[in-house]
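Single-structure report; data block below.
By written order: A, B, C and D. Residues from 1 in each chain.
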């Protein structure tokens, strides 16, 4: 029951079904005095929107955000900010066919088991559409973090089996990610990814990948041991995204094969500051930020909506049946997950910055 | 601030530093009427204790648990259960040497940055010693789950680069895990793991690995979308364990390389029940349990305490210095993490069973 | 920061400023399968609306509720229910005059002190308008409670110094409360209350009173000692209403003058059931419901908006000034607080019924 | 389930039954660097201890506190502080008589109804003994508040029908409260109270009263609208104390009989500061502290343990029976509630000071 709120001090509560009237979010705990306009939110929503890009679904979502509260004179009031995006251009008709046929890989069956019913139209609450609220809330978190110099950069490092295979520079991410449909920092690799993704799609299939999120200039000292460690909170945040099946920090699973001497980051003094030349820990030690970049990676499964026929059951007759989904779907979700994953990390960092008391949560920078 | 409580309805709050007077836990939300004795707890604590096993530290911890409240007439009252284990046989002397020298890979530096001070003796709060409270609380969670037929099995599937490399049977885990010092389900592999671990130790180094936790007979319908999904909560729980750098569910990172048709679990009707022949999702769809085994794996980094000298800084003089840790340490922590990881998963499942209202949280089975 | 959510399992998050675009609420934790229509909500919203009644403000609020999510096929889905009421017919112009002049008795000054700014139009977030969200959420709580036979009855027992002065029967409350503008169970007393209220209004002043809320057929066993006792939660819920300055349960402050033997409710067996002839405790013992009616009373202060001139300061010039509010205001808020107070009690009871596991929170009565 | 934790950032979790091994508390969220010794806690515990005073029970409680974690070098670490007081000199024998006979006015019956069992020895968890943990946690809260100049003063203003009947000066409270067994600020009234209390006791009866708690020098801006308003949180905190049946802030129930013009506190500028000559609101407007003293009063019921025989039922035979409690009991609990009520208010204020970000919760005043 009631798992639709995320955060402790900086909190978002998302709501809405894919084919309902609208989707939205209430953001509570936003400090007062932050300049905020709808376009600050719209900018991020447009990044999650399915573009014309070959690798994403053609459904034309016009995700126009409306800020309904919490802002006065284009500055935040310190009161909850309610935002809403209407669901338009939704065609529920095709879903009548799957009404009693849970789609394998989707949440249809578990919602039906848990709630005794479900909104089968477009996955209802379990639809990727729900991330509109996450991204809208994340946009505010990014604004707060940005004013403190924190930057969050997501990019696709693997898709359809094609890997970047090297550590890309921050500049490459900033420069290239929004320029290709895979949101990959390496344009050449992006081309090969896209090729493989489309090949699979031609076979009526979908593909997965890996997305990396780097957070730069995070102040040291964020994270609350022992259960609300920064890496634990980031893991929960990222794993709560629909298609994510794995999360790792720093060397992650690679750490399992290292020796202790190859895993630790040694400390040195450099011009009066404590530094380490390596960042194998991924910016977090003992659940607390070190000040180094926080590096997280997520495993993104291939979308479960494919045009290939799949076996399922008819919940009314309890007989085996086959499912043949019509229409086109995201053949690879990595590029669209990038802004969502960035948002989730931003929400965790903003919440912990406020909890750390590194600034006054009531007056943002004492702004008036 | 205040991150020492885990859970929403079934909650644990752990406390204690490695070299303080004691470590302990308060477990709140335990239904009344559950038969509970100290030996139920002691049994699990003994599993996390460093044994005589070649691969674990010789420090003789006599972790005798004391139940101080919440139990009357050997049955739970529904009131908080406070448990305590005294810290005896602790020798803080060797730590005087590291007083101002943060140990690389440990939380010394980040605690110092965050709190402006730290209990440097044995890592203080950041010590693995803190898991005593988790395991004690987990023992109660396991008891509740056990009465509902839920079984949680942890085992080492990789250590020091040696992998089991196959899907072991549940029976193998039950049969073999407690019989070898690596807690590996395959005795032959366990031998090779141990050999590699000891080789590295001879070089004054440590090794990592991967631990898998399977939860059997979990009722369908557990997990609260969209942020308190079962996989999100399990990820947070496992990532909050000191040495863990990665978490995956089902195929996890393997899913990134699959095609959609190779990732989904198709449904069939078998003798009136909905089943799927595969469990690639790892027992969770849309953040809700399906009823299939829940399969989680964690990446365990090599312990940061090694006898090889490491570079660090002196926080008082702010000069570079070298650290040479005396004594012996866990050369590989996987076997000791097994009961801790099982406990964290048990805590999540017990909390969600209570939240799901699948039984009366006040009277356990209406017990009187 | 972030105090806009109420409840633990059955949760509401309200948002909106008095003169913003809209006010609303997100209700999370609502079991699935509950029949729900907009008219179920509208009915309660209409009760809090300022009527034409002589004792309430003439501002014509057309509070048309819109359910935006969580309901499909006129039944709840178990997902968050988002509801919205637009702010129409708002005239902010008169408030320009008070822009820098905090109104005594109102939250203007404290919001300005806390947040460094405020939406001075109609009190912004601190306006009674915020209770729209509470009542909308309370309507769903009442629906759940109603299906379990729980009935919540609020009524005015004192206004403008005129007291009912006797224990009215439940039937009188059901029968008369909605028939007079004071929401008093005794029509004759209501007339005298109204007369006194209007007299004071003629003097440009306002009056207060006392409202009682009785909850009938509450199952025994609700409430979570020791900090989330049912009376503690009800007190918080009621004291969070703007004009409330005091809360009492059962004999309340009267208990201070009783002897122990005059305060306790003795137990007897009557046709196999444990009963007590008195209910001095007000239906709660040790923070847990007994099964007897839960009786709470609140002290309602006179509205701070009066036409009499009041002294205040100009925040820009920091000079003393005088405030002369134009327009008409609620001369007595008791009748309008009745549905709000009922809603807050309903929210507490619904939350605790779900927490008590007295029914499955996922399927409401296993409804499909 | 799980209602034993209080607070959001500064949190206490209490545990223990009256006749169990011990009672205690875990305090989480305490900033690091606060000087803390056991005697800081002991001092407050001694105030709640039943003294030799004529009006309190003779049971000799030696409440020696032990700090088990969170403090190193006599300064707080920022980690949870676990404190324990053993239950010694407990004689459970007399309670065998009430084993199946719920004591009217006590929580015996409701615990039995809720949990299906209870620790009948001395009320178990529902005993006033549980407040040991509250007072120990409150002592730390007071320490934090004290370093910010906040002072919390509790005193008895009515007992056994005898009222102080005037607003006592702060100096009188500081001067006299600890000097008389009623903890009354007026020594002469204290004598009359005591006389009445003992008269009732001779009749085998008990008496109630009213306690006032004033909080001085509270910074403006504390409290989180709209549900976590400072007055709402204080009400919950105070109502969670066993014997409390009512709570009021400022004029409280007196406000019900005032006119608006007699209730508001007008603002003036005095030597550049905004002040008000009256404090009818009791230091809180719109749920946010104004900076004026916060004034709360609680109705304290007469203790339910009296030597007069009372009617009850035998839960085994379900027959009517009579209860004749042996031994002596607190004839009036007001003086012992004073430190408990102070502690609860201190916990709320400390939590909200930390939430307000008015100082860094990690480093207390940046202490090292």
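Throughout what follows, a residue touches a chain if its C-beta (ideal position, glycine included) is under 8 Å from a C-beta of that chain, and two chains touch if they have at least 3 such contacts.
Only a predicted model underlies this, so the values are computations on that prediction, with no experimental measurement involved.
S.K.: Identify the chains in contact with chain A as well as chain C, in label order.
M.R.: Common contact partners of chain A and chain C, which must touch each of the two, are B, D.
S.K.: Taking mean CA positions as centres, which chain lies farthest from chain A?
M.R.: If we average the C-alpha coordinates per chain, D ends up farthest from chain A.
S.K.: Report the inter-chain centroid distance for chain A and chain D in whole angstrom, where each centroid is the mean of the CA atoms.
M.R.: Roughly 46 Å separates the two chain centres.
S.K.: Using the average of all C-alpha atoms in each chain as its centre, how far is it in Å between chain C and chain D?
M.R.: 27
S.K.: Where does chain A touch two or more other chains at once, residue-wise?
M.R.: Residues 1-5, 8-9, 14, 79, 111, 114, 125, 221, 225, 354-357, 361-362.
S.K.: Per the contact definition, I'd like the list of chain C residues that touch chain A in the complex.
M.R.: 1-5, 7-11, 13-17, 20-24, 26, 28-29, 31-33, 66-70, 72, 75, 77-82, 84, 111, 114-119, 124-125, 354, 361-363, 366-368
S.K.: Contact residues on chain B for chain C in the complex?
M.R.: Where chain B meets chain C, its residues are 8-9, 79, 221, 225, 354-362.
S.K.: Contact residues on chain A for chain B in the complex?
M.R.: 1-6, 14, 102, 104-107, 109-111, 113-114, 125-126, 130, 158, 161, 200, 203, 205-210, 220-221, 223-229, 231-240, 242, 245-269, 272, 274, 276, 281-282, 284-291, 299-306, 308, 310-313, 318-320, 355-357
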